[in-house]
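Chain lettering (A, B and C) follows the sequence in which the chains are written, and residue indices restart at 1 in each chain.
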Amino acid sequence: MTEAGGDGGSPLLEVTDLVKHFPIKRGLLVDREVDQVRAVDGVGFEVRRGETLGLVGESGSGKSTACRSVLQLIKPTSGSVKFEGREIAGLGRRQMRPLRREMQMIFQDPYASLNPRKRVGQIVGDPLKRQGVASGSELRRQVQELLERVGLSSEHFNRFPHEFSGGQRQRIGIARALSLKPKLVICDEPVSALDVSIQAQIVNLLDDLQDEFGLAYLFVAHDIGIVRHISDRIAVMNEGKIVEQGTADQVCETPKDEYTKKLLAAVPIPDPRESRERVRNS
Amino acid sequence: MSAPLLSVRDLRVGFATEEGVVQAVDGVNFDLAPGEVVAIVGESGSGKSVTAQTIIGLTRASNARIEGSVKLGGEELTSAGDASMRKLRGERIAMVFQDPMTSFNPVYRLGDQIVEAIRAHRPDTSKKQGKERVVELFEAVGIPDAGRRVDDYPHEFSGGMRQRAMIAMALALEPEVLIADEPTTALDVTIQAQILGLIEELNRERNLATILITHDLGVVAEVADRVLVMYAGKVVEQGTLDEIFYDPQHPYTWGLLGSLTRLDRPRPHRLPQIAGSPPSLLDLPDGCPFRPRCPHEFSKCPEYPGLEARLPDSSDHRDRCWLSPEEKREKRMVEGQIGLEAPREVGQA
Amino acid sequence: MTRFVARRLMGMITVLFAVSVIVFVVFMVLPKQNPAQTLAGKNATPVLVKNIEEEWGFDESLPQQYLTMMKKVFTGELIQYSPRLPVLDLIVEKIPATFSLTIGAAIIWLFFGLLLGYLSAIRAGGWLDRILTGVSIAGISIPVFLLAPVLIYVFANKLEVLPNGQYVPFEEDPIEWLKHLILPWVTLAVLSIGFYSRVLRSNMLDVMNEDYVRTARAKGLSERQVMTRHVLRNSLIPVITLFGLDFGATIAGTAIITEAIFDIDGVGNYAADAVAKFELPPIMGVALYGAFFVVLLNTIVDVVYAYLDPRVRLGESASA
């Protein structure tokens, strides 16, 4: 939840009719496309400056594919993705490079998303170096500042990922994402792989960083409880389409779509009496 | 009161590693009656999975030291021979594991793998009879089109269906005890609800005693009768479901309860968290293992607290915290809810 | 499954075709020298070269030349020129020797390689594992051209229990056939035994940690059942595919050194000879023979793999 719930004016990220199909090929001698997997099937949403849009859906809903398509990590089949008003769908790698400073991503698996052969200082500092922002001792200083800002210590600079716990590794991933001071951070299931007590820490950290740096988040997860906590607005995805969109309270308290209702009803209530009530009433 | 079906007394499991002895489980006690569901709750390193696997004898190894007692219907399991344990596994105690995607051998048909389990214990069963039984089981656990699906390979099933198949396999020989190790963690929430419903139904209809291992208190609230909360290999609190949720006595339990998101309540400003991270079992603090992360630490804490019933009216509700019941009642309320405040300075996880 | 096999067979034909074109281009089209000259070999006379030119039609279009070449290959008219003999016949004549050598060695290396690998894996970390690992690494490290002479020296010259070379056909004298092959078999197998035992050991250790092995134990299967039905079965899949490719390559000609040292008159030896004298027809013949076996084994391996691992079969129904 943000303090400044986004400003008026044009949205930071505007996605319209985004489509990503994966072809299914068959054939004896030559492969022919016989069908498609419609991973993302006409999706539209917007993220405003400084606010959090939660994208909630189960496995196979297409939410991860949608994120990658937005960032042009995979090429969308069709549709429009506008960042700060500029169309980026279909842009090649070179054209996307300067934009990478503005749009970053945090990944789900803290054990797989950090290069085990690189030291933490390198992992966090490489983006700064590549984009020519800083080098040498200035680079080091900035990286150490970042490490402290995400709750680690500047002396972790020289350590390797395997020396850290899952939660700490996720913090490293966050530091890396923030190093270029992006405007938009896409968080793809950032806490699912962590212990419950650590999840809360990371969510709170993301909240704090959003207030401090004015970040916009596209927060993707399957845990609607966490999504509700951190999001201003929520979009619910099912089978490649967005079935419902609205403010977090609207979607969670007065859902309109059948799937959303089903999703909310399935969340176990950590309260035995309520749970028994629910069973009696169903 | 009838004798418990399963009785665990002072179970300890230590592993010798290069860096020293890791005491993965340090004193677990509980009873399980027929038809009861006991939930063991904890995070990574808590020892909950090792406890479950030790009951069924899967942790026996040259570097493992198992002490204490596990009795099934009066028969001692910790000292039972390998052959006896093998006979017991699957037939009297069955286990369901966390990740349905990897728990079946991908190169054999799923039905065949269940028939294998049946024939391992009832060698006189023909393959045909075995398959018929599998179809029955599939129907019992809600797998549609059972007759055809018996011949499918694991990768042809979705995650939820595979988990149902795992449960079917566990039930094949009509065991007395079912141990489910994080059965729903790897599943989507709508599928999770279905699987939980299934476990509940089986527990009710067949009077199947169940040990449920999980980190998800929501799951516990729906299914469990009694709860054990484990931390760093030790049980830090145990009691009935209502006792744990409405009258928790240990700060770690408060922390777990507090860091849950509740859809039925307004959003808190900040998600209550537990500072720090679970300790390394090689480097435990003296006294209470939760000390470094506990905002309510005081002078008595360096003395190791025993697992005792500290409340006057409940002899089964036990915890390991030196605070008095009055202090606990007061300190556990944070902004009107049960939770744990962050201590002044703690390293981050 | 049938669709899969059909696809693979089509693929095989396509690859063989491509290989034949490459052979054609490399040997006939690319060299600056008149191909007829190259075909005629080192002792060519101008008359011979002229005859070859006519026979092979080098004044015609390239595709036509290719067809002529292929026709010659398939009808057994591919002739080497000194001495003047059909290549195909010679290859066929030498196949029994090469096959005896490679198939025999393959059986040995597969059996011992897997045995050592299995023992290493089930006793991983123990003294047996360490010894076997040492043996494996030694096997992998010893070069063939060192091992062979040493074996010959010890067993043939010093102890005089085994002959020092040459090949005796089975029909002629089975016992001699066997005696003459023992040292070559050992030479060829030693390297692969070491390699395969490492591969199997590594696979088994990985598979033993898999969740489904834990499930198998939890079901109450005996240790033996767990090891054979689950661990070994799954560990062997990559080994079998490796073997298929390896064996294909060996038949195709990597046994050259062994054949040369032991003076076994097989296809490898024939190829080595032809290369030394730079006789084109035999080289072409052996190239096609080699390609055929490699592609054949490759295809067989693909099909066997799909049979063993159902996930690989394309076109099966997706998950529900």
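Note that a contact is a pair of C-beta atoms (placed from the backbone, for glycine too) under 8 Å apart; a residue touches a chain by one contact, two chains touch by 3 or more.
Treat the numbers as computed from the prediction; the structure is a model and nothing was measured.
Chemist: Of the chain pairs B-C and A-B, which one is connected by the greater count of C-beta contacts?
Modeler: A-B
Chemist: Select the chain at the greatest separation from chain A, using centres from the mean of Cα atoms.
Modeler: C
Chemist: Rounded to a whole Å, what is the gap between the Cα centroids of chain B and chain C?
Modeler: 54
Chemist: Averaged over CA atoms, how far is the centre of chain A from the centre of chain B? Could you give it in whole Å?
Modeler: Centre separation, chain A to chain B: 31 Å.
Chemist: Mind pulling up the chain B residues that touch chain A in the complex?
Modeler: Those residues of chain B that touch chain A are 43-44, 159, 188-193, 196, 215-222, 241-242, 245-246, 255-257, 259-264, 267-275, 277-278, 348-349.
Chemist: Which of the residues in chain B end up touching chain C in this complex?
Modeler: 56, 58, 86-91, 94-95, 97, 99, 102-107, 116-117, 120-121, 153, 155-158, 161, 166, 169
Chemist: Residues of chain A touching chain B in their complex?
Modeler: 1, 58-59, 151-152, 165-168, 171, 195-201, 203-204, 207, 222-226, 228-229, 248, 252, 262-275
Chemist: Note which residues of chain C are touching chain B in the complex, please.
Modeler: Touching chain B from chain C are residues 210-212, 214-222, 225, 229-230, 233-234, 237, 308-311, 316-320.
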